[in-house]
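Chain lettering (A, B, C and D) follows the sequence in which the chains are written, and residue indices restart at 1 in each chain.
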Amino acid sequence: MNHTTEEMMTVAAARALRDGARCFVGIGLPSTAANLARRTHAPNLVLIYESGTIGAKPDHLPLSIGDGVLAETADAVVGVPEIFNYWLQAGRVDIGFLGAAQIDRLGNINTTVIGDDYRAPAVRLPGAGGAPEIAASSKEAIVVLRQSPRSFVERVDFITSVCSGPTTVITDLGVYSPDGDGELALTHLHPGVTEQRAREACGWDLRVPRAPKRTAPPSEGELAALRALAPRRKAAT
Amino acid sequence: MTALLPLPDAVADLIGDGDTVALEGFTHLIPFAAGHEIIRQRRRELTLVRMTPDVVYDQLIGAGCARKLVFSWGGNPGVGSLHRFRDAVENGWPSNVELEEHSHAGMANRYAAGASGLPFAVLRGYTGTDLMRRTANVAPIECPFTGQELTAVAALRPDVTVVHAQRADRSGNVQLWGITGVQKEAVLAARRCLVTVEEIVDELTPRPGAVVLPSWVVTAVAHCPRGAHPSYAHGYYERDNDFYLAWDAISRDREAFAGWIREHLGAAV
Amino acid sequence: MTALLPLPDAVADLIGDGDTVALEGFTHLIPFAAGHEIIRQRRRELTLVRMTPDVVYDQLIGAGCARKLVFSWGGNPGVGSLHRFRDAVENGWPSNVELEEHSHAGMANRYAAGASGLPFAVLRGYTGTDLMRRTANVAPIECPFTGQELTAVAALRPDVTVVHAQRADRSGNVQLWGITGVQKEAVLAARRCLVTVEEIVDELTPRPGAVVLPSWVVTAVAHCPRGAHPSYAHGYYERDNDFYLAWDAISRDREAFAGWIREHLGAAV
Amino acid sequence: MNHTTEEMMTVAAARALRDGARCFVGIGLPSTAANLARRTHAPNLVLIYESGTIGAKPDHLPLSIGDGVLAETADAVVGVPEIFNYWLQAGRVDIGFLGAAQIDRLGNINTTVIGDDYRAPAVRLPGAGGAPEIAASSKEAIVVLRQSPRSFVERVDFITSVCSGPTTVITDLGVYSPDGDGELALTHLHPGVTEQRAREACGWDLRVPRAPKRTAPPSEGELAALRALAPRRKAAT
């Protein structure tokens, strides 16, 4: 089956979620990928949303991180202060799963403003949401975003979130992880993506291993499961 | 004791120009009807507080009610940008809006501190981010036992908090369920509070997962069926997702926005 | 994932000599069966933590399990003194027990800090009292925003917390309701936890006022019908008040106490 | 009707609770008096117990402050951290209602130890419980205890709790309040109690006004209501 680059990105992100892990699902594409993982290789993935739903098992893709289906299917529903204090901050989350508008060479995340002047930004983004504490308190972080020279930058315009544990960055072109010195480096190229294309879509001089691994293309099962989620996907966060 | 009031009277009584006003509801039970009444009554110079200033605050900002916004995430959930919010921040239309931004954890703890009668709360957060430079309401604090450095956030004490709930009884006891968010903390942190409700009932029968606010912490209740539309009220109606999608186009254009406000709220912008 | 174990195995696996052990349950759902098993297994040198060390801790102290007690109120609720507790403190029988005492608010916040992964919590409390002089786990702290002086209490992190609940499912998800006290915080603050339950069911249907602990924070579940007796389990059985009254006489006398332990627990003191 | 001194104390304490007030009911005799008040002049008294029950309306006297009837009849049941932080500490309680083992000239309360040596006390008492914060955070405090030279002392052996607002002390002999300088002084004598008797049952040189007021004896209605509570009273806290 043919697939789009967005489908590849979503499938690659879903694969990074191991079965049984406790995953704090941030706003954006992460919710689609986490729900795909639950329908494919990770039926026991524990989905935790910042709306206070722990162990949600939605039968359709939620329209927002506070969709009623999350409360109806959760093991427990708690208040927002509690979800951040007792569940996230206390270190009970294995994987923090985030979107981003920009990420930089050192893995800093920006979801606040584009432009040099905070008070008069070129683009005002939504802001932090749960991301700073998801990035800081999860045992590891997965960040998904579309890659371009404007989103993969030398230095973000605003540091909204800093990942404190092992980090995996998944884009429409490939997969990246920090090297020993903390600089983001390519580890996998998605099918059909050249090293050259990944370099061109990166705002710094990208480190590429001698022989980057290749992401396996989406399987028929993965694509079918993803597309079964699709009817409501446009509206999902 | 709680006053049972028509919504216009409740807004007129509780909310004044220049007040710090929090409308809360985390995706669920967003008090849209109350927000619309604030626009109709042309409140000005408000400091608007809300973790997730979504469409309702886009409307208030576009209508010129806001002087300042205290928040942690401003977007149209599941859709994209808030265009009125962006127009105010990027272009100063209809006026400049001062921003004080936090993380969700920071905002939730600020409300919890306010509800607890404490001047601050402690969390692990903000470390290494540029958020700390942008407000005086975040500061490092040292643990007196271990010497660890943590983050303190100042308590939030809104003049008025407005929330929407499924039900109240005739005495003004309030019950809400489903995703209950930060509503209890936002109500208890405020000096006054207004609760709009889907139903007024004789008795609040217990419900799994329900939060109950006793009448003596509720200043006023207003009966507003569908008062959370286009968001949803668990057990009453679903989110009107078409509206959220349509809002993207309406709010992109200043004229289209003004026309919508005129047509749907009967208010001039 | 949660282990479903017979109570003796669960106590043997989770609780070792010298551990810091919290048995919680605020008048309701007191884990008596687990306490009795700790006595049978002759655990020694425990630091026993509990807001209200009532009859169950009187038994543990009298049986010689305790080296230290961390608490806020030690009495036989509704009856009077805890005679084994008093005998240990006043006369060192069967051994001296070190005391660290707090207020209820202090203990509750210490558990909440532990559950939150913070080294301390902040409250208004202890000011002007002699409690501050008796422990290093309470200290003044200054608000970085207002300069107000408040009180910090150190987080509690028990090695093991034991609670009793009405139900668990076969995966080890736990549900308790009625007065839920500080159990959630005590479980989440601990490194390991054991939950004894009245029933193991196929599915946990939602209940008004219920607290649910997901299986992945529960180390072990043991099926112990009437495991909270002589305290009560809301919806299952009432408090055996005659026992609380009878305990006064049993516990006043060292011989009578030892006889009761021998007869009812099959354990030597 | 004849009445005992304990009945007089309980009735006097109940009368001090005005209708509609939010009353945080500590362990001991306060629960009996608060429930009596609800059955007599203060049907809208809001009873708050440290077990987390707000607006409890028990139809019988609770056996403990965590009796199931409190949860069944409450407007709301919350956790113990919440009851202390959001409800008591935040200043939402009008009247904190406490028992005590000792009280001193300056109104300090002791429920911890009797004797000079904390580590080897003559009598080990239960300890603080909720009292320090009830005393400090309620708008006013009512303290009930039996009066004797051992309970009404120059200086308590241990300061467990300090009342921060207006305070009323109600004993089996009379009613006391702090003077302007903070020293507890007699305001009312219960029926049949002489000034001399109150002085003898006090460990310091008691201030007595020129003409102390007299507590009205329990009415028939009050006694009947109290005795209707009585069958389970012995076991109540």
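Everything that follows uses one rule, which is that a residue touches a chain if its C-beta (ideal position, glycine included) is under 8 Å from a C-beta of that chain, and two chains touch if they have at least 3 such contacts.
Fair warning: this is a prediction, and the values are worked out from it, not measured in the lab.
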item	value
Distance between the centres, which are taken as Cα means, of subunit B and subunit A, whole angstrom	27
Geometric centre distance via CA averages, subunit C-subunit A, whole Å	41
Shared interface positions of subunit A, touching two or more other chains	85, 89, 137
Subunit C: positions in contact with at least two other chains	117-118, 123-124, 184-185, 209, 211
Chain contact topology (line, ring, star, complete or other)	other
Set of all touching chain pairs, with the criterion as stated earlier	A-B, A-C, B-C, B-D, C-D
Contact set on subunit D toward subunit B in their complex	22, 46, 54-55, 75-76, 85-86, 89-92, 137
Subunit D residues touching subunit C - in the complex, by the definition given at the top	27, 50-53, 63-68, 70-71, 77, 79-81, 84-85, 88-89, 112, 118, 120-124, 126-133, 136-137, 158-162, 235-237
Of all residues in subunit B, those that touch subunit D in their complex	115-118, 173, 184-185, 188, 211-214, 216-217
Residues of subunit C defined as touching subunit D within the complex	26-28, 51-52, 71-75, 77-79, 81-82, 85-86, 89-90, 101-105, 108-109, 111-112, 123-131, 134, 178-182, 184-185, 209, 211, 232, 234, 238-239, 241, 244-245
In the complex, subunit B residues that touch subunit C	117-124, 136-137, 139-141, 143-146, 148, 150, 152, 154, 206-210
